[in-house]
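In what follows, structures are represented as structure tokens.
The two complexes that follow have subunit A in common; it is paired with subunit B in the first and with subunit C in the second.
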Partner chain A sequence: MAIEIGGKSIETDEEGYLVDLSDWTEEIALELAKSESLEMDEPRWEVVNFLREYYDEYQIAPAVRVLTKAIGKKLGKDKGNSKYLYELFPYGPGKQACKIAGLPKPTGCI
Partner chain B sequence: MSEVKKFLYVNRRAPYGTIYAWESLEVILIGAAFDQDVTLAFVDDGVFQLVKDHDTAGIGMKNFTPTYGALGDYDINKIYVEKESLEARGLTIDDLQHLIWEDEDEDWAEKDSIKVVTSSELAKLMGQQDVVLSF
Partner chain C sequence: MADFDTPEYRKYRDIPKLEEGTMSDSAPFIAKPVFQGPLGFPGELVENWQEVAIDKMGDLLGKYRGLQVYLDSCVKCGACTDKCHYFIGTKDPKNMPVGRQDLLRSVYRRYFTFAGKYFPKLVGAKDLTKEVLDDWYSYFHQCSQCRRCSVYCPYGIDTAEISMAAREILDTVGIGQKYCNEIIGKVYTIGNNLGLPKRALRDTLLDLEEEIEEETGLPIKLPLDVKGADILLVTPSADFFAEPHIDGLIGYAKVFHEAGVNWTLSSHASEAGNFGMFIGSYENMQDVAMRVRQAAEDLGVKRIVHGECGHAWRIAYSFWNTLIGPWDFLDQNYPIPQHICEYTWDLIENNKLNFDKSENDHRVMTFHDSCNVARATRMGDKPGGQFEIPRNVIKAVCNHYYEMDPETTKEGTYCCGGGGGLLTDDLMEIRVKGALPRMEALNEVVEDHGVTNMAAICAICKSQFSKVLPYYKMPMDMIVSVHQLVGDALILTGSKEALEALEAAESSEE
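The block that comes next holds the complex of A and B.
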């Protein structure tokens, strides 16, 4: 599969995750969000950027439980809970936010 | 909630050359994500997995070892390294990554995750597990 952005074709796997992480740009994130029917507002960018930083440091996309805890620590308790994260990403913060961030599916996500 | 089992993952092989070390780490993270009680042991050449600052450029492989730093986030804080294996390879705990976990009950105080144990202590630990997986 592939998505078209600015005349360029970007390869994705059968579930829509980027094949090559280094292809990622903010423009691609917007396109990936659109395919998930999500509007990229400030709170969503915050989570996506957090995931990218996490991946950069540890080279894995964290499981939802780990993401929730880590967000709570970094961005505050009011954001580090599943209700908040599922409101932003109704089909799963791990799954959807990781896809938009250009990361693979979280380890431990089935 | 189903019953929580005690899982011990025994890592015996050098980090590169085979896929065992990386596969083990993935399985460990998945097990922890499912709320199992996870303990790790590093013995024989497995102790090299935890050595800090791997430079893998020469063998054209990705250095996956930064991922060990995420173990604390997964609440994995029982990491045992066999003393005899370290000594036989001229290593000490200072050659290993400093792995920590944060204790939520103590205002996120950082605590060490790695403990060096003798092979007889490790044998005792193995006896206390429900499941032992060797990689």
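The block that comes next holds the complex of A and C.
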């Protein structure tokens, strides 16, 4: 599979995750969000940017608890919970937000 | 949500009317060559796949006598037909246990029995065609290897063994399942199913320690790679990552702290789960399991305790001795291995833990028996301990507890719908449909007793329920870890709450 942006074709896997992390741009994030029927507003960008920073440091997405804490710090304590994150990313903050952030899909018993 | 209908609750629990082929299009993503190689399997379908598959079947029949007995002994009595949650949810006859077994059995007859070789049509024997191979891939990934059907089979035919054999044959000809095989590869390179590297694991644990200290005022630790610790805890990596799993992990830490023991996690064995079993590969199962033994030896621990993971407990309890034993270097005075529920229950029985059960008063509980724990293991020293001990623990920490329909619990428990390597998004339809019987039983206790939460002791069950509960119009956070309940009610010596309670008690005496 692939997504087309500005005449360029970007390779994705069967589930629409980027194959090559370094392909990621904000423009591609918008395109990926569109395929998930999501509008990229400010809170969503906060989550996506945090995921990318965390991945850059640890080579994995953060645990849900780590993510909620970080978002709570950035957007206010009332938003530092998984319920809010599921409002932003109904298919699960881990999987859906990771896709938009250009990160590989988390695997395992999750 | 996806483009299929969630099944309706049934008014009468009778055998569904068959609808052929409802799930014939269901098949998980096939593993790319990069995921096949590290497991010792060919990257793609080999040219002489038919020959290789038959040879492999012969090899497995020689190695596992049970497999041959299961393939030979079915008398088509029909007792199993309505016992599979996937059949109940899909009505597809190939999801009847006997239908699933026959996919392999018909080929076995054709190539390995006298009658099948010479009079195939008379005995339902079939050539191994590409169509048959595709059917195997589809329907052996619609079996969670939960073994409920085998409880009701008068011959004890174990469909899980047949599923495992089929998947092993498929892997051998080069058709592996992406979900399982990618994950096993991650265990080899990184140490766990998640692919959580040591540094990320360490920092996640430190973060959690901070959180627990904020809550309790106590320096409760989640130690990693501590040499000379008494206890090694192996737990599914989902416990470090997902919800509600992580609250269970916090619960284990609180119990160990209160017991005052020296315990550790291991970055080398940061995974209790072992998908080698799901794909029926003895070699991969052994390699994954060996990491635990290695960690135990390297750290010099005396005991191994298992966190809340269903199939890991099966592997440890039933297979470890022959797989990676002997365990002569561990302390023989304790069960080898020991389940965290056994560990906690022992402390409770010896009055070593104190609880404020009212902390769980906002919850009305029920318990889901995880298939592998229920039908493939035990706990404690009495028959049925695997049923009683987790319930005893819950009842010791919660005031409100109700059982679901007894036909759906204990040895008759229904699979959550996501076990056996099916917990992947590309199989969402079969996962949702297969959850029907459990959702029906849960819905009953919700309506009759006001049950608010269901506890489980398996990472797969917890993730599967979080995902499928909303399809059945129940909240995703209904599912909780048993040790979350324990952690919430446990009175920690010297904690903020314990001090407040003490002060309150003293002032009321005055």
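Methods note: the second predicted complex is superposed on the first by the 97 of 110 C-alpha atoms of A that agree within 3 Å, B and C clash if a C-alpha of one lies under 4 Å from a C-alpha of the other, contacts with A are read in each partner's own complex, and residues count from 1 in each chain.
The definition used in the following text is that a residue touches a chain if its C-beta (ideal position, glycine included) is under 8 Å from a C-beta of that chain, and two chains touch if they have at least 3 such contacts.
Predicted, not measured: the structure shown is a model, and the values here were computed from it.
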Touching A:Lys69, do we find subunit B (first), subunit C (second), both, or neither? both
In the overlaid three-chain picture, which partner chain does A:Ser82 touch, first (subunit B) or second (subunit C), both, or neither? second
May I ask you to decide whether A:Lys95 touches subunit B, subunit C, both, or neither, giving the answer as first, second, both or neither? second
Between subunit B (first) and subunit C (second), which, if any, makes contact with A:Glu15: first, second, both or neither? second
With the two structures laid over each other on chain A, which partner does A:Ile60 touch: subunit B (first), subunit C (second), both, or neither? both
First (subunit B), second (subunit C), both or neither touched by A:Glu4: neither
Which positions of subunit A sit in both the subunit B and the subunit C interface? 58-60, 62-63, 65-66, 69, 107-109
Of all residues in subunit A, those that touch subunit C in their complex: 14-15, 58-60, 62-66, 69, 82, 86, 92, 94-95, 106-110
Can you name the residues of subunit A that touch subunit B in the complex? 57-60, 62-63, 65-66, 69-70, 73, 107-109
Under the definition above, what is the set of subunit C residues touching subunit A in their complex? 29, 178-179, 182-183, 186, 192-197, 199-200, 203-204, 207-208, 211, 236-238, 240-243, 245-246, 273, 309, 423, 425-426, 459-460, 463, 467, 476
Which positions of subunit B touch subunit A when the two form their complex? 26, 29-30, 32-34, 62, 64, 66-67, 69-70, 73-74, 102, 108
